[in-house]
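Both complexes below contain subunit A, partnered by subunit B and then by subunit C.
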Partner chain A sequence: MNRTYGYISVAGRKQLAVVRIALRQQWAYKTDFLLRACLLLLLLYVLGQLYGAAYAGDYDRAIGGFTLRQVVWYLVFTEAITMAGPPVGARIEEEVKNGDIAVRLTRPLSYVGFHYGSYMGEGVLRFIVLLVAGGMVAWLTVGPPALGYGPIAYLPLALLGLTLSFLMTAAVGLCAFWVEETRGLEFVLQKLTFTAGGLLIPIDLMPEWLQRVCAWLPFQAALYLPARLGVRFDGQELLRACSLQLAWIAALSLLVAFIFRRGAGKLHVNGG
Partner chain B sequence: MSGTARFLLASWKVNLASALEYRLSFFLLAGMMFVNNMIWLFFWYLFFGRFPVVSGWEMGDVMLLWAVSAGGFGWASVLFGNFPRIAAIVSSGQLDVYLSQPKPVLLNVLTSRMSVTGAGDFIFGIIVFLWVGELTPRGCLLFACALFVSGVLFIGVMVVAGSLAFWIGNAEGIAGQVFGSFIALTTYPTGIFRGAAKIILFTVVPAGFIGYMPIGLMRDFNPAFATAAFGAAAFFAAFGALLFRAGLARYASGNALAMRS
Partner chain C sequence: MKLALETRALGKTFKVKEKQAGLRGSLKSLFAPQWKEKTAVDRIDLSVSAGETVALLGPNGAGKSTTIKMLTGILHPTAGEATVAGLVPWRERTKLAYRIGTVFGQKSQLWYHLPPVDTFELISRVYELDRVDYARRRDRLVERFELGPYMHTPVRKLSLGERMRCEIAASFLHRPQILFLDEPTLGLDVVVKERIREIIRERNREEETTVFLTSHDAGDVERLCSRAIVIHHGGVLLDRPVALLRRELLSGKTITVTLADAEDPASVAEWFGRRAWSPMPEGVELAAIEGRRIRLAIDLARTDMNELLASLTQAARIADLTVEDPTLEDIIKHIYGMEKTKGGEPT
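This part shows the complex of A and B:
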């Protein structure tokens, strides 16, 4: 029991060290992510104008259960999660292609775990900046978010959403063991997240048939569920969303572990 | 045929041959961009499914907007593929190689690359026009004019933004932001913008001229708008060329050895 606890504790400390390093590294590229935030400001401004025109500036009208204010804050929440994620798929692909993965595999740290720590370290910092920047635009455009449990519930759900995004991107990146060029697969993943994740339009506003399709996919758990609960809190829904996210995290973790094992088993790196 | 025209034709021929060297990759990349644009149209289909008319714009208008924006961007990227990369070329000292050749520097820089994804954008623009556009000689002529203005505006704006690198050094970040923002702004209906934002879109950041093209040029031809759009394209192209030329006088590099690739 003590040995198991000790093992978990050491692994956890290593993981936290990776998160800390990634955070510090990201802090060194402040300008880069501030520029990213500028693009988010513009996008949110444009989308705010679009939905403002669609609702004809009526703040009281609810369409598909969303008022104008809720839609704009929903977009802030989905965009912050989407834009926070570092390009982990491209990094894994690059490491597999140029053989750097051999160095990583010799370290006493899980390869996927290392990338997860690094992803979360960078991602969390970016997420906070993007959320603050996006929140300012939304606040100026449509006013503050509805006070309540929503914004509080959003934060942990967004972290689980980031974890899900990591797992999906890592699964695609690890395909580089077989196909080398994973850009096309990642592109498909991005576009699926864009539509089935409800990035720019809440799933409630989509046609019935598409809502049914989205319900069976993991993308909505990464973006739509955290953002919807952020603007329209419901205690029972929170429990359901959280369970769904955890179930998808478990399933995708197994998938990533399986792909990694199979891929690493057939890896050949020449030179050093 | 003048020397410059021969040079342009030779450049485009070499670029095409080079792109077709990896045929599968060419078709995959062009196809990916096509699919990307189709997914955006799917978003608009969902949006207009819920809000059928937004500031007088309907689904067909937005589809034409995408045809003009993607098509214009497409031909500009295929023929003058380096226009989004000027800042990177200047700040990394890669301009030396172009200066050593007896050809117009800006033209040489712009034509020395062909964007493969741009081909997908262009084909997408044409297909969408065939799908929802007015297929009469007049309609086709107006669409061709819209594509021309749109492409020239993309090139002009990016040459202006990229030339900033001559004065502020590493302008890649700013140029990248201008690029992303300009593209984003040209793909939303101009009708949704009001007040100062609208003025900016028709002056400093001329994305409004592209965004309003389906209405002002193709649906209800407005001579004043058409004149202003052509004027803006000519102005940004000329201003970009002059700024680049002025910047060349300040250019200095670290004697980097480079090859055109």
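This part shows the complex of A and C:
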């Protein structure tokens, strides 16, 4: 027991060191921050106009249980998670292709763990910036979010959502051990996350059969659940959402570990 | 003597997809792919003692980097066994990482937008170094590698030479028992190369770090290593002390002399023969004459460099003079030829 605790504690300290250095490196990409924030503002403006037309400007009307104000804040919450994630799949593919993976594999640190630390270090900083930028636009256009536990619950759920996004993208990136190009797979994954994850339309507004399909997929746990609880808090739902996220994290972690283990055995490092 | 690493019949074969040219070939390879087996490393036996400095040499595609990658646990072999610092690399990769250091000349471990001091800090955390010991060690390496002015400069602003010094210093932070260097001096100028060799030698002397390197630079082998292993077509061709190799093969130099006098290039050959030496001293061959430039092939085992230079400067006014080592490719070609004539196909 003590040995396991010691191992986890050491691994945690190493991860934290990676998070810290990734966070520092992220400061170098100020233009990237600015561009992402501008893109988010543009997206929110266009989508706000669309939803404004759908609600006919009526702030009291509810569609699928969401008012116009809730939908706009929902969009801020899902977009902040989606746009915060660094392109970890492309990075892994690149490392496998050009042989840089060699440098990572000769360190006493898990390869996937390193990328997770780096992803969270970069992702969390971007997430905060995007949340603040998007939140300001939403506040100015539809008013503040519903006060209460929602926004507080959203933050830890969003972190778990980022973890889920990482695991899904890493699983695709690690396919580079077998296939020469993973961009196609990543494109499919991204579009599935956008639709089945409820990025632009809350799942409650989708046809019932689609809602049933989405319930069996991990995408909604990454985006829809944190955002919905952020705008429409429910104590019991929070517990269910959290359990679902943790269950998907456990399942996807096993999948990623399996892919990595199998892939590392047949790795052909390029570049000399 | 304690062994640093040992391999027995270590081999690696890859399956390579073969594609025919054109769209038809691409379609055919999509539905009925054809695979060819390529042997990168052919059952090699190596044994390196602790504290040794060994160069693994060979032309491109000989299997040097693949061997290093198997010994560091990155690649899994398809045949044979190996132990490095008492561990099986591909089975105990993480444990082994604490005992070895690696420098891959073309790949960087430094964070591009951050100063090296940040990467050093990360390495100290990853290798779980004691804070006080780490600070002392870092300061010592910074002093020895003369990194003071660069430690707080973003890596992207460092020259290749400065970056490589940081890379190698970083790989020494956790006091590795064995240091694997894959082309550590590639692309560096003579001064930086020499400095890097000197410091690696110093670490080897002071901490008995075993050094295992691959290089295309004969200078790395001559100045850094006590033993050279030449591999070709994935198998060991020659395993010999560098001192012996130096006597036999590294003694060949090329001297290029540019004459200061405005001699008629056409008559330089005649002039050279008349005024410099007649006949040509033993161990010296006239390789080429290009205008006012004369290239001489020298065998230091048979002629004395001091006497040679003295006689040259006496014979003519010299505008420029360079002495070059033979390229490693030339040496390997030579070895390959030697082995062939010795007993048919090389082993």
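Operating definition for what follows: the second predicted complex is superposed on the first by the 265 of 272 C-alpha atoms of A that agree within 3 Å, B and C clash if a C-alpha of one lies under 4 Å from a C-alpha of the other, contacts with A are read in each partner's own complex, and residues count from 1 in each chain.
In this section, a contact is a pair of C-beta atoms (placed from the backbone, for glycine too) under 8 Å apart; a residue touches a chain by one contact, two chains touch by 3 or more.
Remember, it's a predicted structure, so these values are computed and weren't measured experimentally.
Q: Figure out whether A:13 sits in contact with subunit B (first) or subunit C (second), or with both, or with neither.
A: A:13: touches subunit C, not subunit B.
Q: Just checking: does A:24 make contact with subunit B only, subunit C only, both, or neither of them? Give me first, second, both or neither.
A: Second partner only, subunit C.
Q: Applying the touch criterion given at the start, work out whether A:210 contacts subunit B, subunit C, both or neither, answering first, second, both or neither.
A: Touch status of A:210: first partner only.
Q: Please work out whether A:128 is in contact with subunit B alone, subunit C alone, both, or neither, and reply first, second, both or neither.
A: Touch partners of A:128: none, neither subunit B nor subunit C.
Q: So, does A:152 touch the first partner subunit B, the second partner subunit C, both, or neither?
A: neither
Q: One more residue to check, A:254. First (subunit B), second (subunit C), both or neither?
A: It touches nothing on subunit B or subunit C.
Q: Examine A:194 and indicate which partner it touches, taking first as subunit B and second as subunit C; both and neither are also allowed.
A: first
Q: Pick one for A:107: touches subunit B only (first), subunit C only (second), both, or neither.
A: second
Q: With the two structures laid over each other on chain A, which partner does A:99 touch: subunit B (first), subunit C (second), both, or neither?
A: second
Q: Where on subunit A do subunit B and subunit C both make contact?
A: Touching subunit B and subunit C on subunit A: no residues.
Q: Applying the document's contact rule, which stretches of subunit A touch subunit B when the two form their complex?
A: Going through subunit A, the ones touching subunit B are 31-32, 35, 38-39, 42-43, 45-46, 49-50, 52-54, 63-64, 184, 187, 191, 194-195, 200-201, 205-207, 210.
Q: In the complex formed with subunit A, which residues of subunit C make contact?
A: Subunit C residues touching subunit A: 14, 65, 69, 72-76, 93-95, 97-98, 100, 102, 104, 106-109, 111-114, 118-119, 121-122, 125-128, 154, 182-183.
Q: Touching subunit A in the complex: which residues of subunit B?
A: 28, 32, 35-36, 39, 42-43, 46-47, 49-51, 54-55, 173, 176-177, 180-181, 184-185, 188-189, 191-194, 197
Q: State the interface residues of subunit A toward subunit C in the complex, per the touch definition above.
A: On the subunit A side, the touching residues are 10, 13-14, 16-18, 21, 24-25, 28-29, 99-103, 105-110, 264-269, 271-272.
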